[in-house]
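The structure follows.
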Amino acid sequence: MWLSVEKLVNEIKQDKPDPAAAKALQEGLGGQFGEMRTLMQYQFQNFNFRGDAKPFRDVVRAVGTEEIGHVELISTTINMLLDGSSTSSSTKAVDPDSLPLADALDGNGNIHHFLVAAQSSRPVDAAGNPWSALYVYDSGNLVLNLFYNLMLEATGRLQKCRLYEMSKNKTFRSTVSYLIVRDLAHEKVFAKALEVLGVNWGKVLPVPKVDTDKMPEVKALEKKNLHNQQWTFSKESQLGQIFKGESPFGDGEIETMDGLPDGFDVPVLPDREEEFAPGLDKDLKSKAQEIAGITRQQRAAQ
Amino acid sequence: MWLSVEKLVNEIKQDKPDPAAAKALQEGLGGQFGEMRTLMQYQFQNFNFRGDAKPFRDVVRAVGTEEIGHVELISTTINMLLDGSSTSSSTKAVDPDSLPLADALDGNGNIHHFLVAAQSSRPVDAAGNPWSALYVYDSGNLVLNLFYNLMLEATGRLQKCRLYEMSKNKTFRSTVSYLIVRDLAHEKVFAKALEVLGVNWGKVLPVPKVDTDKMPEVKALEKKNLHNQQWTFSKESQLGQIFKGESPFGDGEIETMDGLPDGFDVPVLPDREEEFAPGLDKDLKSKAQEIAGITRQQRAAQ
Amino acid sequence: MWLSVEKLVNEIKQDKPDPAAAKALQEGLGGQFGEMRTLMQYQFQNFNFRGDAKPFRDVVRAVGTEEIGHVELISTTINMLLDGSSTSSSTKAVDPDSLPLADALDGNGNIHHFLVAAQSSRPVDAAGNPWSALYVYDSGNLVLNLFYNLMLEATGRLQKCRLYEMSKNKTFRSTVSYLIVRDLAHEKVFAKALEVLGVNWGKVLPVPKVDTDKMPEVKALEKKNLHNQQWTFSKESQLGQIFKGESPFGDGEIETMDGLPDGFDVPVLPDREEEFAPGLDKDLKSKAQEIAGITRQQRAAQ
Amino acid sequence: MWLSVEKLVNEIKQDKPDPAAAKALQEGLGGQFGEMRTLMQYQFQNFNFRGDAKPFRDVVRAVGTEEIGHVELISTTINMLLDGSSTSSSTKAVDPDSLPLADALDGNGNIHHFLVAAQSSRPVDAAGNPWSALYVYDSGNLVLNLFYNLMLEATGRLQKCRLYEMSKNKTFRSTVSYLIVRDLAHEKVFAKALEVLGVNWGKVLPVPKVDTDKMPEVKALEKKNLHNQQWTFSKESQLGQIFKGESPFGDGEIETMDGLPDGFDVPVLPDREEEFAPGLDKDLKSKAQEIAGITRQQRAAQ
Amino acid sequence: MWLSVEKLVNEIKQDKPDPAAAKALQEGLGGQFGEMRTLMQYQFQNFNFRGDAKPFRDVVRAVGTEEIGHVELISTTINMLLDGSSTSSSTKAVDPDSLPLADALDGNGNIHHFLVAAQSSRPVDAAGNPWSALYVYDSGNLVLNLFYNLMLEATGRLQKCRLYEMSKNKTFRSTVSYLIVRDLAHEKVFAKALEVLGVNWGKVLPVPKVDTDKMPEVKALEKKNLHNQQWTFSKESQLGQIFKGESPFGDGEIETMDGLPDGFDVPVLPDREEEFAPGLDKDLKSKAQEIAGITRQQRAAQ
Amino acid sequence: MWLSVEKLVNEIKQDKPDPAAAKALQEGLGGQFGEMRTLMQYQFQNFNFRGDAKPFRDVVRAVGTEEIGHVELISTTINMLLDGSSTSSSTKAVDPDSLPLADALDGNGNIHHFLVAAQSSRPVDAAGNPWSALYVYDSGNLVLNLFYNLMLEATGRLQKCRLYEMSKNKTFRSTVSYLIVRDLAHEKVFAKALEVLGVNWGKVLPVPKVDTDKMPEVKALEKKNLHNQQWTFSKESQLGQIFKGESPFGDGEIETMDGLPDGFDVPVLPDREEEFAPGLDKDLKSKAQEIAGITRQQRAAQ
């Protein structure tokens, strides 16, 4: 079982809507190396874990639980990149007669963001392909699973480093940078688990090797040591028996953190009439607000 | 964010392995109307929720968080139906020279359970098709989303009622029966949310209409009132502003329960040498056990 | 069996080619909530119908037969939006040396419209994903099927209302508006079938709630009462035993119309040399025309 | 537009249920060379037809309209092979305590026939893969389209000849044999259309070459000349300008038949309680029957 | 078995990077009628060949082996169209502060070329759909296989003729033109194999009929007679017993060439730091170069 | 370019047909970790290789070329397991009236082997899913690619070890055992390439760890040292600069072999009338044999 904690794991900066950036960021959500995949892969490895070695199971359980929050974080970021894009283009500012959703036809974005969803995220990759459970790897073999997970985190981080170079939008960059840091921490988790079984990584890891001096947002997060810490996202975890001591990449001390971080408020998306979302007419809206305990006065002010 | 609570939401009864039942039960896990889908559908509706009406968002958040635990429950049940099936057939009892995995070729099971996974669950349906994010529905429109979710729960329950009639295996039945009851509770959650917006369901719901006198395991769970309760799986939920009062199906009082149930221990699956899972040789196993804090004495006894 | 009637169900207005609009309109043809899906879903429910209640079977039979004509209508509309787009851009008017199909590389359109088809429709959605039979829902349960169909029509209509806001092209709008009206009629068909079984919809339907004062093309069609009528597309239908009396949405009288509407001529698409379509050389063309009974004189004039 | 004629194009013989045969026959419905594909391929070629040569367009229009009826025929045949299979096995005759749907776990059938559908057909192939619009071929080039269609019909017929050899069940055989004959007629339609453009087929066609002396059901249908006739399924067709004279395979005279054949009654499938299909309780059933004009007396007798 | 010969089958001209052209050319690589498909289709027909008629088997073996080299050629061409595109746009020339991969967000290209691959080819089509083995046709029937292969080559060539009209980029055109010529030769191979079995093609072939006077690059290759020759790509082939004499299209003499052509050097792609490809840091690069026998002096000069 | 050498890389033993084993072996051909995937993955990494380090490119080129021969080997093995299965079952020996293809309905096999192919191999996995290019991994990053390839070979070998335990059929075992040995060699190739870049594997590799004393067929092949050798499958390879010296797993000396092994004759599959494969009638067969240079006398004797 899991308990919902109504907080985001990181803060998302405000910036202008950017549907092209939203489309690109979908790779991190529904792509072959995105967060839906890490979530499902680690949970299947958790459910199907064989052998009485709880610390190794807790490796996939901890990271796999963090990933639910990453799915939430990246989905919310995409929403912030999309919301209001239908009314923000310069054309519209000039021409009051313009069509509310005309920008949806622009090929730089994903038309489904406007047509199927209501300016919000979709379980697809940056090219529009739906997420598939074919991606999920669980061989039952502990060493192979750890190898695959290490490679998976490194590939995810590689793609996020490429994303970083695609847009300077602050909403986009705040989440991309956070995931670059966390994917590095996850690389360390799996690399360490293999190290304690006997592998010496030499200098081939981490992948990719990046100069964070050129990535100020990433640098700032590393200063908080976020690339060396792993929360357990549980109260009974034995992760700390593995994730401790020197980093497997020889870049400092790693540490296991009990429980979960404080987090940040989950934003509330406004109504979008042009999307019929949530699409309540005056009558239904009034009922919904009554249930939500919003008083008549507040309602009148809206 | 979410917190992992290392408990199963329901108890799974012990019975003989049954790969054919395991294959069938995959529909409830990775099928179009299975738990991976409800989990993802409700979470996307949660992340993408528009409008300032928290109780309605908490509807999808609560049920969507319960579903993570359902994915865990059904995956674990499949594992129990598969584990040991390679060594349990009557032929093998007679013929010590028999092949460890010969039964994998039997067409009644899913060969991938043995060949790809190591006698454990897969993210596929009963016909072997991988789960696809094409299943996830989120229109942005509140009324449509609620309608779809209601229909989704009813279809899931319909399929579980059909599963119930396919096998008497107790491991299988304990989880199928639990989900029949919970799907009914979820039907009520979404039906109630539409009722408070103005729909009167008459007598068409619930679907399917079943005579639980012929389903003793289901009956026993309903006696605990599990078909009328919904936990919030959160500490800040406003679900109770919707889910209260009379059942939308006119069959009693419904109630919102704060937090989550006590739960049951998560079982530990044993090593399976014939599957090379976890596949550690003596040397690696010793290291793993050391890390897990298992003493040399215990290890010698294994 | 079915009989082909060589007419379109609605008239398609002439306007300039617009490949971006054509790409968007594919959602209505090959999308998850498009016409290929309604056609197949209703026909499977028709073929697999259980129980001796012909009027309910005739509900899916009538709408399912209308949908074949909608597939034809929307496919033909896409063709009109594509045909000639290769030679119509302003660049080409200026530069006689320009490439005939250079515009196919423009990301606002679907390159397959030019490269795979010959400036004509494809069985895919607006994002280019092929139609999949995974979309087809038939549970065997009458109430669930009706619920799903109602939700399906409402979602289709929701997407068409969004499409309406994406382009003012008259070819595009004439078909989109017609389908907004017909999807509303279909919503009523399924809502009424549930109403006669006991549901009272209150004010939650229809979805979406739109102000047709802002949609003049839609308004014009509603003046013809097209949103309250359902043809049987058959000579033996008992649809009228269900679809009669007050609209389930309280907006007037609904009526069953026997047979099918008069319809409009199916347009003939011209040759496109740059697409090698139909690609007949002089010799083969002559033979084809002879078979078609086109005289030498007419041929010489072409 | 199309008009529904409530008749089947051929009669389906009664025999025992046979889920394994039903599973195999799905290839003819939802397989890559099955009837859903021919239907969609010919209709897309019809909608997208270029050039003023109506007889060639009427080739795909006529056969493409016949195929809607073939989808109906084969779907209905599968239903007859499935219906009642849950209660017909010998075990059940002996053991009154047996499970209603236990046979669904038998690997020779398709479990989705019982679990997803209610002992009825699905839009999938014999291996359970969903039909995909990737199958649809329309190049815009007339000669290529005709070649592909010829090859498509021949491959469909090849597969049906293989199906013929898989089961002697009369329900199965009556439809398989009918389609062997009709696919041959369709091969002739496309071969003739290419012949009039200049190809001489020599002796390579038809494919496959079969000895119908060993296929009595096929022989009987050929005696009715069904392998040499093509209905127009329309009242305005110019098909006859192409499909006339000698068979392109040198085996007799071919002829175009105006309109459509007489047809046979569409069977009504009974309720299946164990499938909750249609799943109406006493109260709802009574309402449905009232609408269907079934009198109280008749109802009491059921 | 196969032996790698480290040469390209044709020379690729140098020109500017062009991601839109690269995206389009993917159809020829991973499209339904692209080279991955011809490779796999012919090899499966080769492996599964029935009957003691080696010359017919050698038809699919020879062309199927040539296709491996075509996959290499077209993949390399796409790489040359992509490589350096990240640093070549005019914006970047002006703004030194610009993002290295900003152009990846441009909808005219395929974002996966930059985000998943490192400015290199992908096994997908021009619309981004992954190649699927559903495309592979092998019926076991010799005549049908030959028909399908003929149609496959003609469709491939049709698409390449359309591609020719989409861009004048020389890198793009050199490969597209070469494939137009080779696909014609392959059409002849399969048409001839059917001709020797008795078909007379009249004047319907080849498809498409193109005026190569308007395609100078194609004309130049035809002057070398490349459209009438087929190498065996083997030393034991009996292809020559079929592919000899008059062209089946009546346009000259065809000839079988033993072995394989001389070929051209395979280009070496440079490092791309912005893609972290190959991503070696100074230390690892030095090791790699040492192994490659690159001396310290050379390395210092890089 | 590649040159076809008409030999199999290993000998396939004769044994009885076994469709269930054939179905299982498909995983090694068209599965996610089968030979079609290794072939395509390594070739894409070869084509897209960046950087001037030929020995590393030759790693993927050599193994990627060997894999074409593995696709051939495993496809041919499946054919031998299928061929004649339609006429070999014990029922048929007893009942001359039995149906030629009745066994195709047996759920232990893959019905497509009989219905779509003609008792021959298909590009699908053991569960019948078509091979997908989604499987192909190429990140552009050298270290990641090598890691993935190592994990891919280890997973392939794990699955083949599981297959080994599923059947004792000699045809099946001869190929499965060969691939267990070769996959181990390939594991060493990629592990060595990472070792020379600095990784020390300790004792975690190889995966899986198997006791070949219990696998006599594997043992026999290892005695020939096949698990320590890698052919270049090229005449210009620099593979030997990497693959030499001690095994990365500390189990002996590894060696690079120039060119390719001698190989074994490719078997010729007989006609299967019940499959209409190749399906030539007397007349066409005579023509085909004439072309093949088979004399009238030989033909008469057949």
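The chains carry the letters A, B, C, D, E and F, assigned in the order they are written, with residues numbered from 1 in each.
Just so it is clear, a contact is a pair of C-beta atoms (placed from the backbone, for glycine too) under 8 Å apart; a residue touches a chain by one contact, two chains touch by 3 or more.
Only a predicted model underlies this, so the values are computations on that prediction, with no experimental measurement involved.
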Contacts shared by subunit B with subunit E include exactly A, C, D, F
Tell me whether subunit B and subunit C, two copies of the same sequence, contact each other through the same residue numbers or different ones, using over half shared as the line for same. same
Any idea how many Å lie between the Cα centroids of subunit A and subunit B? 25
Using CA atom averages as chain centres, what separation in Å is found between subunit C and subunit F? 48
Distance from subunit F to subunit A - Cα centre to Cα centre, in angstrom: 39
Multi-partner residues of subunit A (at least 2 other chains): 32, 106-108, 116, 124, 128-130, 132, 134, 139, 141, 143-144, 158, 197-198, 203-204, 207-208, 275-276, 279, 284
Strictly by the criterion at the top, what is the full list of touching chain pairs? A-B, A-C, A-E, A-F, B-C, B-D, B-F, C-D, C-E, D-E, D-F, E-F
Interfacial residue positions of subunit B with respect to subunit D in the complex: 20-21, 23-24, 27, 31-32, 106-109, 126-129, 158-159, 161-163, 165-168, 203-204, 207-210
List the residues on subunit E that touch subunit A in their complex, please. 99-102, 104-108, 110-112, 114-116, 124, 128-130, 274-276, 279, 281, 283-284
Using the touch definition from the top, list the residues of subunit D that touch subunit E in their complex. 32, 132, 134-135, 139, 141, 143-144, 147-148, 150-151, 154-155, 158, 194, 197-205, 207-208
Give the list of subunit E residues in touch with subunit F in this complex. 1-9, 30, 36, 40, 43-44, 47-56, 61-62, 65, 68-69, 71-72, 75-76, 79, 116-124, 130-134, 136, 138-144, 196-198, 233-238, 241-242, 259-261, 263, 268-272, 275-280, 284, 287-289, 291-294
